[in-house]
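Each of the next two complexes has subunit A plus one more chain, namely subunit B in the first and subunit C in the second.
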Partner chain A sequence: MKGKDLVLHALKGGQCSTIPWVPFVGVHGGHLIGKNANEYLHSADLMVNGISKAIELYEPDGIPVCFDLQIEAEALGCKLGWADENPPAVLSHPLSGLSNISSLNPISPDQGRIPVVLKATRELRKKYPDIALYGLVTGPFTLGLHLLGTEIFMRMFEDPASIHELLDFTSGVTRSMSKYLLDAGCDIIAVVDPMTSQIGPDQFTEFIHKPVKSVFDDIRQQSKYSSFFVCGHAQQNIDVMCKTGPDNISIDENIPLDFVRNICQGYGISFGGNLQLTLVMLMGTPEDCQRNAVDCMDIAGNIGFILAPGCDLPMKTPIANLKAVGSVIRDSYQQDIIRTLEHKPDKTKILNLGEYGKTDRVIVDIITLDSESCAPCQYMVEAVKEVAPHFEGLVEWHEHSIKNLEGVTFMSSLFVKNIPTICIDGKITFVSQIPPRNELIRAIQSRINEKLKIRLRVKQGEILLLGKSSEEIAPLREKTRQAIAELGVTIEVREETDPLIIQSLGVTQTPALVSVKYKIRSEAGQPGTDVIKEWIKEII
Partner chain B sequence: MDQGNHLKKIPFILVTGFLGSGKTSLLLDFVRKYSDRMRIALIQNEFAPGHVDGFTLKQTGKPFELLEINNGSVFCACLLGDFISRLEPFIDQHHPDVILLEATGLADPVSLGQVLQAPGLSDKIYLAGSWCLLDALNFQRVIQSISRARHQIRIADVVLINKIDLIHGTSEIRAKILEINPFAKIIETTFGNIDELHLLDLLNFASKKCHPDERRDPVPNHEIPDGNISEPRPNLSSCVVRSTRYFDEGLVRDFILQHSQYLHRLKGYIRIDESNTMAIQTVFTQISITIVSGYEGPCEIIAIGPNLDNREFSKQLLSLKKNENKTH
Partner chain C sequence: MNPEELLAKIANCVERGKVNKTSPYPPDLKGQDGADELSAQALVEGIAADQVLSLGLVPGMQIVGVKFRENKVFVPEVLMAAKAMSAGMKHLKPYFTSGAVKRKGIFIIGTVMGDLHDIGKNLLGMIVEGAGWQVVDLGIDVPAAKFIAAVDEYPGAYVGLSCLLTTTMLNMEKIVTEMKAARPDTKILIGGAPVTDDFRKRIGADWYSPDPQGAVEFLNKVG
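Moving on to the complex of A and B:
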C-alpha cells in the first residue's frame, strides 16, 4: 500500500507496514523552482510546479497543496506584509478598536487568493490521483487573532460574548474554506490553529470546542477526513482537542509523540508529527534527519501514525535532508543501521589509516550491519567472496560488522557513512548497492594495476650526464637514451654542467657519465649509529 | 571604537514581554543612555502592534542600527527563515557591540535562541540573555490567559516589572514570577526606565564582563569604556537544546557538575518524570538545582560558554534521556 491509500489507512487508525510520509511543503515549493514566497503564493501554476517537484524529489504519500495561514484573513480584509522566504504576515486587524463583526462578510471562492489555491488543487488532483492531498484551512482561533489582534486574549476575560460571536463567524469561514478545498479535490482538511497553544484547556473548552467541532462534523458529513494541526506548547490541550472530533491530530517537537499517541488512541484518533524543524530539518545533516525520523517512528509505533514535520517547512530546508527522510522511511535496513549506530560509544577511536593499502596485496573491506541478518549486506559479502579467489592470493577481504565496536571504529576511520559499503585499499568504492560481478572485478583489477604502476615508478637509481655545456653532453645523451630504450626500463637521466658540482663528484674530465643506485636501508625505524656507519662505509 | 571587536562574537539579547509591557520604552531608554559608548543594533518587528518606527527611535538623536523584520507575531519557528537570511548581512555590515531583539508577546524565545545556531550566525553572535518585561497592572490576567507569557518568564534571566507606580505593592507578582522561574533576577521599573546601576549590571551579566561574585554587588563605577562592553569577552557561544523526553536525574546532575567547570552559564528545565522537573541554573561553578512540579512544556536548556561545540553538547545532553516508551 502506498500514497493516498496508505495515508487514509493510517488516518483511520490502521496499522501500516510502512509509515506514511507527508512533508509539509509550503513556500519550500517555491525554493524548489527558484521562486520567492511572494511569487509562489500568488500563482497556481507555480504551486503546481513546486509541489510536483517536491513529489518527484521526496516521494511522499501525501502533501499539502498550499501552506499559508493568511489566505482567509486576506480575503476578509487583513493587509499582508510579504517577505521573500516566509509566508506573509498579517499587518492590520479589521476588527481591532471599535469595528463590529457585522462589518465583515462571509467569504466566497472568488475572494483574494482563494481561486489560486483552488485552481492549484484541481490541477494537482488531476496530475496525482494516487497521492493524498491536504487542504489547509486557518483554524477559527488563529483567524480570530488575525481579525482582532492580540486583544483577543484580553477580551476572553473582559467581553467573552464578543469572542463567542467572533469564533462563530470564523468557524463559518473555516467550514466554507474546507468545502471549497474538498470540492476542488482535497482528500483531507487540516485545520491549522497554532494560536490555541496559547490558552489552557478551560478556555479551549469554553471558546474553541464548539466552533472547531462544527468544522470537523461538517467535513465528516461530506464523507471526508480531517486533521487538527497545532504547533507550540499545546500539550495541555491534546485531550480537549481530541474531544472536538478530528480524525487525526498533528503536532510539533514541543509535545512528546508518545503522550499524544496515548491520548489519541484512547479516543480512536490517529496522530502525526513531529520531525524537528529548526535544528534538525533546517540546520542538521541528512543523517540527523534520518535519526530524527527513526526516533519518531520508534516512539510512535505503526498504528495510526503519519510521519510529518512539526509545521510548515522553512523555505530553504536542504533538499538532501528531506530526501533522506523519504528514503529511510521505506528502508527497514537503513533504519536498523541508524538504531545500531545510535548506540555507538561517544568517543569512538579513530584509527590512523594513512598507510592503509600500501601492502603488496589488495585489501577489500566490507562494512556491514551484519551479513547474517541484513540481506543487502549478505549479498555484498557474497559478491566479494566469490570474486576474490580469481586473483590468486592477491586479494584479501574482511567483513566489519558495525554491531561490534571494531566495526564502528573501522567505519568511522574510513569515513564511511552508508551501510553496506565496499572499500578497496581503504578507499570507499561501492556504497549501498551490490556491484555487478564484472564491475567488482574491474575495480579490484584497476587497483592492482595502480599498485604495479606505483611500484614501477619508485626510483631505483639515476644516470648523471656531466659536461661543460649541453652541446658537449649531446652525443652521450643520445647513446644513453638508446640504451634505456633497448632495455625497456624507466630511469631518470639528469644533466649537470656546474663545474663545482662536477668536481664534487670526483670527475676531472668531461663529458662523463655517473650511475647512481639507490638502496633503502631503513624505513619507519631508528637504526643505531653503528649500523649507519656500516652503510656509509659501503659507499665510500 | 575597538575594531578588533569585529572578530569577537556579539552578545544577542532577547527582550520579551506581552503587548504594552514597555519593551519599546526600554529600548529607547537604552539607546539614549548607551549609544555614545557602544554600537547598538536593535531588531524590531516592523508590523507588530505598538511598534515604534525607526523615525521615532531616530528622534532620540543617538546613533544606532535598526533591522526591521516582518514576521507578524513571530509565533512559529517556520516563520524564522527570512529572519536568518536578513540578520547575517546586517551583522556583517554594522558590526555592533550588542544586539537587542524586541520580540512580540507571542514569540517563542527558545525557537529564537535555536535560530542563532544557524550556520552563518553561530560564528558571529551568541544568545547572551533574555529580559522579560511585565506590565504590573495587567500581569495577573496575562499570566493566566497566555501560556507564552509564562514561557517567556521561565526562559528569562531578568524579569522587569514595569509600571509599578500603577499598583500597590509587588509582593504577589514577585511570588508568582519566582514560582514560574525560581532563578529570575527581578527588577522593578516605571516607564521602562531602568536604574542605571541595574542596566549596567544587566549588560555586564550579558557580556560576562565580571565574575559572578562581583556581579552581585552594584557595578563599582558607572563608566563603560568606549565600545568595550565585550573587551574581556572570550569566544563565547550559546547552545539551546529542546527535548520532549524524560531524563535520568543522576546522569543530569553529573553532566551539570562536569560542564559547569567551563561553562559561564547554563539554565533551563529538564523533566525527570511526569510530575517532576529539574530547574537548573549554573553561573560558573555555582550550581543551583531545584525540583519543581507543575512545569508545562518540554525540556529546554540554554548554555553559554567559551568555544562551546553545539552539536557535541546537544548530543551529550540528549544521551542522558531515559530509554522508555519505545516500541521497536
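Moving on to the complex of A and C:
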C-alpha cells in the first residue's frame, strides 16, 4: 500500500507496514522551481509545478496543495506584507477597535487568491490521482486573530460574547473553505490553528471547541477526512483538541511525540509530526534528518501515524535533506543502520589511519551492519571472500560490524557513511552495492598495480659512473646498461666528471663505478639521537 | 487600609488582570477598584511612587510571569495582567520623568529583519516592563543598523531579538554577528518559537529563554 491509500489507512488509525510520508511543502515548492514566495503563492501554474517537482523529488504519499494561512484573511480584507522567502504576514486587522463583526461578509470561492488555490487543487488532482492531497484551511481562532488582532486575547475576558460571535463567523469561513477544497479534489482538510497554542485548555473549551468541532463534523458529513494542525507549545491543549473530533492531529517538535501518541490513541485518533524543522531539516545534514525520522517512527509506532515536518517547511530546506527522509522511510534496512549508528564514537576515538594500507599486501575492509543478519552485508562479504584467494596471499580481508564499538570507530575513522561499504587499503571503493565479481577483481588488481608502481618508483639506490670525460665513461656505461637490462630492474645511473666530486667520493683513479644504496631509517617520526648514531655507524 | 494591604491589593489586581472598576474581569472582583484606582489611591495616601512600583505592580507581574512559565496561565491572562499593570503605571509617569522613580535598566527589543510577527516580542516587552525595566520597542522587521543605533542612543542597554519564522532565524544570526562586531559589549538575548539554546550557542548570542520570565531573571541577575 502506498500514496493516498496508505495515508487514508493511517489516518483512520490503521497499522502500516510503511509509514506514510507527507512533507508539508509550502513556499518550498517555489524554491524548487526558482520562484519567490510572492510569485509562487499568486499562481496556480507555479503551485502545480512546484508541487509536481516536490512529488518527483520526495516521493511523498500525501502533500498539501498550498500552505498559506493568510488566504482567507486576505479575502476578508486583511492587508498582507509580502516577503520573498516566507508566506505573507497579516499587517492590518479590519475588526480591530470595532465592537461588532457584522461588517464582514462570508467568503465566496472567487475572492482573493481562493480561485488560484482551487485551480491548483483541480490540476494536481487530475495529475496525481493516487497521492493524498491536503487542503489547508485557516482555523477559526487564527483567522479570528488575523481579523481582530491581539485584542482577541483580552476580549475573551472583557467581552466574551463578541469573541463567541467572531469565532462563530470564522468557523463558517473555515467550513466554506473546506468545502471548496474538497469539491476541487482534496482528500483531507487540515485545519491549521496555531494560535490556539497561546491559550489554555479552559479557554480552548470555552471558545474554540464548538467552532472547530463544527468544521470537523461538516467534513465528516461529506465523507472526507480531517486533520487538526497546531504548531507551537500546544501540549496543554492536546486533550481538548482530541475532543473536537478530528480524524488526525499533527503537531510540531515543541510537543513530545509519545505524549501526543498516548493521548490521541486514547481517543482513537491518528496523529502525525514531528520532524524538527529548523536545526534538523533546515540546518542539519541528510544523516541528521534520517536519524530524526527514524526517532519519530520509533516513538510513534506504526499504528495511525503519519510522518511529517512539524509545520510548513522553510523555503530553503535543502532538497537532499527531504530526499533523505523520503528514502529512509521505505528502507527498513537503512533504518536499522541508523538505529545502530545512533551512538557515534566521539572525536577522540577516531583512529589516525593516514598510514593505513601501505603494507605490501592489499587490505580489503568490509564495513557491515552484521553479515549474519543483514543480507546485503552478507553478499558483500561473500563476494570479497570468494575473490581474495585468487590473489594468492596478496590480499587480506576483514569484516567490521558496526554492532561493535570497534566497528563504529573504524567506520568513522575511514569516513564511511553507508553500510555496507568496501574499502581497499583504506579507500572507500564500493558503497552500498555489491560489486560484480569482475569489478571487484579489477579494483583489487588496480590497487596491486598501483602499489607495484609506487614500489618501482621508490629510489632504492643508484649507480655513479665516474670519469675524466664522457668518452672515458662510455665503455663502463654500456656494460652497466646491459647489466641492468639483464636483471630487469629500474635503477638510476648518474655520471660524474667533476674531479672535486670524484675526489670527495674517495675515488683516486678513473673510470670508476660507485654503487649507492638508500635505506629509509625513519618516516614521519622523531628518532632519538642514539638511534641515529647507530645508523651513522653502519655507513662509516 | 494600611499601606501594606493597599500594595498587596495592587499586586493582586495585576496578577488577576483587574484593570479598573468598570472592568468585568475577573468576575469575582466585579465592581471593585482595579490597579488603576488603587495605584492612584496609594499615591494620594502618601506611599512613595517607587514603592507602588516595586511592592505593588512589579510583584503582581512577577507572579504572572512565573505562572506563565509553569503553564498555569497563558497569553490572555498575561495580556490582562499587563493591561492592569499599565493602568497603574500611568499614575507613576510623572515620577519617572522627575527621577523620583528609577527603572532597573533599559531593554531594547525588536523582531528581526524579514519577520513581521510581534505577539511574542510584545509579550516579552510587557513582562520585562512589568519587572521594572524601561523597554524600548523598535517594532518589527528591524535591521542590525537600527539595533546598533538604539544601543548608541541608550548606552548600557540590553538587547532582545525575537523571531517567529524559521527562515528569519538566519537574519537573527546576521544581526547578532553584526552587533557583536560593532558593539562587542552589548548583551544580546534571543527568543521566539523556532529558537533554541543550541541555536544561541551557534550564533554567539548571550542568553536564550523559552519564556519571558527567563529573560527577566537574566536581566535582573546581570542588570
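In this text, the second predicted complex is superposed on the first by the 452 of 540 C-alpha atoms of A that agree within 3 Å, B and C clash if a C-alpha of one lies under 4 Å from a C-alpha of the other, contacts with A are read in each partner's own complex, and residues count from 1 in each chain.
Everything that follows uses one rule, which is that a residue touches a chain if its C-beta (ideal position, glycine included) is under 8 Å from a C-beta of that chain, and two chains touch if they have at least 3 such contacts.
The structure presented is a predicted model; accordingly, all values stated were derived computationally and were not measured.
Clashing of subunit B with subunit C is the outcome of superposition onto subunit A. Legend: residue contacts after superposition of the two complexes on their common chain; A:199 is shown touching both subunit B and subunit C.
In the superposed pair of complexes, A:298 makes contact with subunit B only, with no contact to subunit C. Of the two partner chains placed around the shared chain by superposition, neither subunit B nor subunit C is touched by A:437.
When the shared chain is aligned, subunit B comes close enough to touch A:255, but subunit C does not.
Residue contacts after overlaying the shared chain place A:494 against neither subunit B nor subunit C. Of the two partner chains, neither subunit B nor subunit C is touched by A:398.
Number of subunit A residues touched is higher for B, counting subunit B against subunit C.
By the touch criterion defined above, A:126 lies against neither subunit B nor subunit C after alignment on the C-alpha atoms of chain A. In the superposed pair of complexes, A:314 makes contact with subunit B and with subunit C alike.
Comparing the two complexes, residues 81, 83, 85-86, 89, 91, 150, 153-154, 156-157, 198-200, 203, 231-232, 235-236, 254, 277-279, 282, 314-316 of subunit A contact subunit B in one case and subunit C in the other. Partner subunit C is touched in their complex by these residues of subunit A: 81, 83, 85-86, 89, 91, 150, 153-154, 156-159, 198-200, 203, 231-232, 235-236, 254, 277-279, 282, 314-316. Per the touch definition, subunit A reaches subunit B in the complex via residues 26, 81-87, 89-91, 96, 145, 149-150, 153-154, 156-157, 194-195, 197-200, 203, 231-233, 235-236, 252-259, 277-279, 282-283, 298-301, 310-316, 339, 346. Residues of subunit B touching subunit A in their complex: 18-19, 46-47, 49, 70-73, 75-82, 85, 105-106, 108, 111, 114-115, 117-119, 138, 141-142, 145-148, 151, 242, 244-245, 296-298, 314-316, 319, 325-328.
Only residues 17, 23-26, 71, 73-77, 79-80, 83, 114-117, 119, 122, 165-169, 193-194, 196, 198-199 of subunit C touch subunit A when the two sit together in their complex.
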